[in-house]
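Reviewing the structure listed below.
In this document, chain identifiers A, B, C and D correspond to the written order of the chains, with residue numbering beginning at 1 in each.
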Amino acid sequence: MSSVTGDKIKLAVFGESHGEAIGCVIDGLPAGLKLDYDRIYCDMARRAPGRDSTATPRLERDIPHIISGVLDGVTTGAPLAMLIENENTKSGDYERISDVLRPSHSDYAAYMKYGGFNDVRGGGHFSGRLTAPLVFAGAVAKQILKEKGITLGAHIKRIGEVEDRGFDYNSIDRALLERLTSGSFSVIDESAESEMRAEIARYKAEGNSVGGEIEGAIIGVPAGVGGNMFDTVEGKLSSLLFSIPAVKGVQFGLGFGFAESNGAEVNDGYEIKDGRVSLITNNNGGILGGITSGAPIVFSVAVKPTPSIAAKQRSVNLKTMENEMLEIKGRHDPCIVPRAVPVVEAAAAIALLDILL
Amino acid sequence: MSSVTGDKIKLAVFGESHGEAIGCVIDGLPAGLKLDYDRIYCDMARRAPGRDSTATPRLERDIPHIISGVLDGVTTGAPLAMLIENENTKSGDYERISDVLRPSHSDYAAYMKYGGFNDVRGGGHFSGRLTAPLVFAGAVAKQILKEKGITLGAHIKRIGEVEDRGFDYNSIDRALLERLTSGSFSVIDESAESEMRAEIARYKAEGNSVGGEIEGAIIGVPAGVGGNMFDTVEGKLSSLLFSIPAVKGVQFGLGFGFAESNGAEVNDGYEIKDGRVSLITNNNGGILGGITSGAPIVFSVAVKPTPSIAAKQRSVNLKTMENEMLEIKGRHDPCIVPRAVPVVEAAAAIALLDILL
Amino acid sequence: MSSVTGDKIKLAVFGESHGEAIGCVIDGLPAGLKLDYDRIYCDMARRAPGRDSTATPRLERDIPHIISGVLDGVTTGAPLAMLIENENTKSGDYERISDVLRPSHSDYAAYMKYGGFNDVRGGGHFSGRLTAPLVFAGAVAKQILKEKGITLGAHIKRIGEVEDRGFDYNSIDRALLERLTSGSFSVIDESAESEMRAEIARYKAEGNSVGGEIEGAIIGVPAGVGGNMFDTVEGKLSSLLFSIPAVKGVQFGLGFGFAESNGAEVNDGYEIKDGRVSLITNNNGGILGGITSGAPIVFSVAVKPTPSIAAKQRSVNLKTMENEMLEIKGRHDPCIVPRAVPVVEAAAAIALLDILL
Amino acid sequence: MSSVTGDKIKLAVFGESHGEAIGCVIDGLPAGLKLDYDRIYCDMARRAPGRDSTATPRLERDIPHIISGVLDGVTTGAPLAMLIENENTKSGDYERISDVLRPSHSDYAAYMKYGGFNDVRGGGHFSGRLTAPLVFAGAVAKQILKEKGITLGAHIKRIGEVEDRGFDYNSIDRALLERLTSGSFSVIDESAESEMRAEIARYKAEGNSVGGEIEGAIIGVPAGVGGNMFDTVEGKLSSLLFSIPAVKGVQFGLGFGFAESNGAEVNDGYEIKDGRVSLITNNNGGILGGITSGAPIVFSVAVKPTPSIAAKQRSVNLKTMENEMLEIKGRHDPCIVPRAVPVVEAAAAIALLDILL
């Protein structure tokens, strides 16, 4: 396993869901950056559970405690280490089921990898809770990108059958991205929110869960960033986006829509606009040959339904090696998509910053 | 840019479409491997243009010439360097258009990155031709995987409107994969071939191009391989799959299908089968928490239509900085999907081998 | 800057001398390792100041507090995060001199790198105190190596004019290494200790400091480990040994002694011994062509005198940009060589483990 | 094994002494660099055997043949691949001894690593001949450094008992470095050359070989480059310097001389000079806390005597597993130190460039 990523900015994430604390170390940050704690707390809150009626009622305060790399609120250039204490963890909910594999969770894969030594309480190091340090690091990355004129935001593109309007690939407004990154239920067409909440409520009522899609956009990245072959912007972003639990697909621009399209219809032509080369359309989502084209970077990720549902499920007991029906107790998110929005932004911001530096 | 990838097996790809030669260096191969040249030549031929009526008539022989790392057909453990000479390159077709940006190609992004110093003839280092060394390396990787009991293959899942049957996620036959990796137009349901060829012919006739989807499967990988967080199997594979020109989306198992699904419907339960833990379904495509579950790894990639089409397209002349209609001469693939199948296999094989070693 | 190292085991070190805490994250440890806390505490104590009359009287307890990756004393396979709280830090000693560059310290280089934003109190992230997490990680690495039959130890080869007997390159006893790694003033010839202490006392008395040399040995490493070219065992070890503040030279076997030697005299011949190929001599220090030969790995490092001395020194005030005599107050080690022995062992153990895994 | 190095500039070296060709791939070079072929050929000639009476009479022309990444003499930004054909290789000289281990060569270590599959003819991938591509890459790196105002050169500090004058650490002239990098027997005090040649001739006459020391200097590097902890300039340079066959020690500034020194004597004070902070002395060799201080970087490496000597040596036959006296036929360098000078420069230049970019 590696919980360390990055070339120029190295991020190491640690902790287990029911351990003493989780946290991260960020190495390679520029010195002299005055941290914008408001933005950090805002993103942490957007991800935290219990803030929104769609989320699990567990209230985690998730206050990041910085223990090195920052002096008087300003980065020193030394590694920034950050801790979030774990609290309010009712491990009883989990412990009694630890021998029975939870379907579609990492339990079995992790058991085979770690020979049963891994901390299974609450998913351990595999818990969605470990996305909190990712969001912290992402907030710092977003701040540095902002200073370079780059803005990044994401929204809920779909929950089950309900869709939000997608980004207009070639014309994405900074104000829109700022609105999306300020709220806890980010949608472009605000009328989609109530329908989406209804969709989630419906699955919650039946003890079920539902998946969705999150679409992200990045504006302000100049043309010529990234590399072809093994350093494509697509490859770098996707590698980090797949580090988010529950993400099972990543696409750029039209993505899988390209499969049914033809060149005459989807090729992105050029024109001179205000004296500069400009793309007429942006079906490639801002990336050509692995390198940015100067148009907005647009991507989306598929999020699977939370595996923890109320229904009894067919499973296996690892101790008895017999089939056993599993009933998962406790309260679980019927839909993690809204809370995953800042996580998607964080993963993209961290990846992009590492490319840019 | 980096044309070097891998941790344990490092692959460096070099060359330009219209330069003297292209090739690669593979570092970290085990010593004592007797290369299976038949399999290597077979994969090279599956990728090469001009072999099949759907492909461009340029006939490139693509014979890999090994210059180090192999003695009497057996790897020595030293870096394996391989060259493929370029021949039959009618650069005239390209040269006259080098100042006018080809829509949806890498031209503009590359121009901005390299300040105009990059070799633009035939796409230079961005040419699809550079997938030839990738296929070579993939063939070697596949051979090593095979010795570990792992088989890998891909097929054309879709071309435009025409679909092939998908893999049965939980029951994929070695014989099927071997058949797919032997032919030049790989489909599961052989009756799909003629319809697909007709679809391609239709676009070719109108000087247009068409996209598609390629689905890959890997069987024989034990449970417990890979890592969560930043070393997920999904992240590693996607990172390399996006190195293939024209790939714009990557998904695992149900992928984007998860967005419209619910947990009760798609959760993968367990059962004891032949005394061992076994997955009842495999909607997660063989990966849980970033780690293999022992079920087949199933993924698919979206391939955009070849950008080179016969129709005049709106573009810009970089010298005059004026709008200019572009008409691309020469012969171009109306659909690269069939030829991209061995490239997808290669990228997946190289990524997986690097994870496994 | 990067405070992250390693390929298979990744170590991230963080903290500043006068911050809240220092610590590290170790990623990639095998699951199921029962930590030997006695050995860890022993190594931490060997490095800690104030334990020995030769060292600075600051008493730092340096108790490692593990916050993740270990459950019931056994590694889980998740990243191991460890904290050491800072205490007893009289920052007053340092603050008044922070504008005047301390000769031979990192002050000026760090100022230029971080534009003055780095934490200068006590050296900040450059402090020798940051070797405490290194020693912790080294103790864990040594334990894993021990389970593979590999033993590692170092001794004070020289302090100023006083020399200890060197290792017998071709015949190093496990018992000797175990004795060296148990004490706080490690010498082979125990009679050297009093002379060395006298040498240190002499420099201490005059407010001066003195350098030295530390020699390390590793036994039990099989032949064939490492790589030639850019993965030499020498390169890997030296890279980490130079991460120790004050180390200014690294050599293997005869090292700089080779410069005055001839082949007939120093070539290491072979013989059959107990039915196996065996080296007759080991002037190459266990490494040939970058790869282990099966003979003990023997290396040594040069340690410069502690830069902090009592005498007034010529320096510069960065604020006034004028020459200014500097007088360093506070208590400082006249010789860090004895305390650096476990740090050298740690660096070597971490590097070797990363090569071996 | 890894024959790939570097973060921003990746260098892959390949080939075997008696294979078809050797070469390298350099990835990450800036686009638009007009290669200075004169300097490249000059460095290649300085390293090549047979040019100087001290070297082996094998005449290798070592003409680098660039096959990609350069168009009309200017880098394109794509990977630069380069080949040198092998010629004039009398493999007969080597083949008859391949079962008997050559003392102090890599034979035994390589045999154990590769299980006997490695190409043993002439040392295969371990041959000193593989330093030719290193010198090529170094010449390119030196050119890029030169454009940044950085000059680098090395000289023979010692051969056996004969010493050249060392660099004046704090005052190194660009003209001196340019002279050193132009000749094939680089010494500071030109009167040392004849004595050194006599020393070599003496060992040659008796069929013996002799070691030496090479000292390098780099001027023009600004203060603040590099990192503390695991990215020290010392660590990066040493890691690459140890990739040179026969190098067994690396030191910076006073290096091992520090071991016998005291702080009052060797501390490097500061003064204001021409309005800027300046070091009064430079015993630390231009690096403090792992970071450049702005003073010249000065380092030296120990080179062991060529292992191939005429005398019969005690060895072992791997086939018979019996002791066997070995007599090495053919012509071998009595001293590789003069030819190793440009190799040392190359390794330092490649490492430094990777730090600087």
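Basically, a residue touches a chain if its C-beta (ideal position, glycine included) is under 8 Å from a C-beta of that chain, and two chains touch if they have at least 3 such contacts.
Predicted model only: the values in this text are computed from it and were never measured.
Asks: Mind listing the chains that sit against chain C and also against chain D?
Replies: The common neighbours do not exist; no chain touches both.
Asks: To get from chain A to chain D along touching chains, fewest steps?
Replies: The distance in steps between these two chains is 2.
Asks: Just curious, how far off is chain D from chain B if you go by their C-alpha centres, in Å?
Replies: 40
Asks: Need the CA-centroid distance for the pair chain A / chain B, whole Å please.
Replies: Measuring from centre to centre gives 27 Å for this pair.
Asks: Whole-Å distance, chain B centre to chain C centre, using C-alpha means?
Replies: Centres of chain B and chain C (C-alpha means) sit 47 Å apart.
Asks: Going by the touch rule set out above, which residues of chain C reach two or more other chains?
Replies: 1-4, 13, 113, 125, in rising order.
Asks: Pull out all the chain pairs that touch, please.
Replies: A-B, A-C, B-D, C-D
Asks: Please name which positions on chain A make contact with chain C in the complex.
Replies: 1-4, 10, 12-16, 19-23, 25, 27-28, 31-32, 67-69, 71, 74-81, 83, 113-115, 117-119, 124-125
Asks: How about chain B: which of its residues touch chain A in the complex?
Replies: Going by the criterion above, the answer is residues 1-5, 11, 13, 101, 103-114, 125-126, 130, 158, 160-161, 203, 206, 208-213, 222-232, 234-236, 238-243, 245, 247-264, 266-272, 275, 277, 280, 283-285, 287-294, 302-309, 311, 313-316, 318, 321-323.
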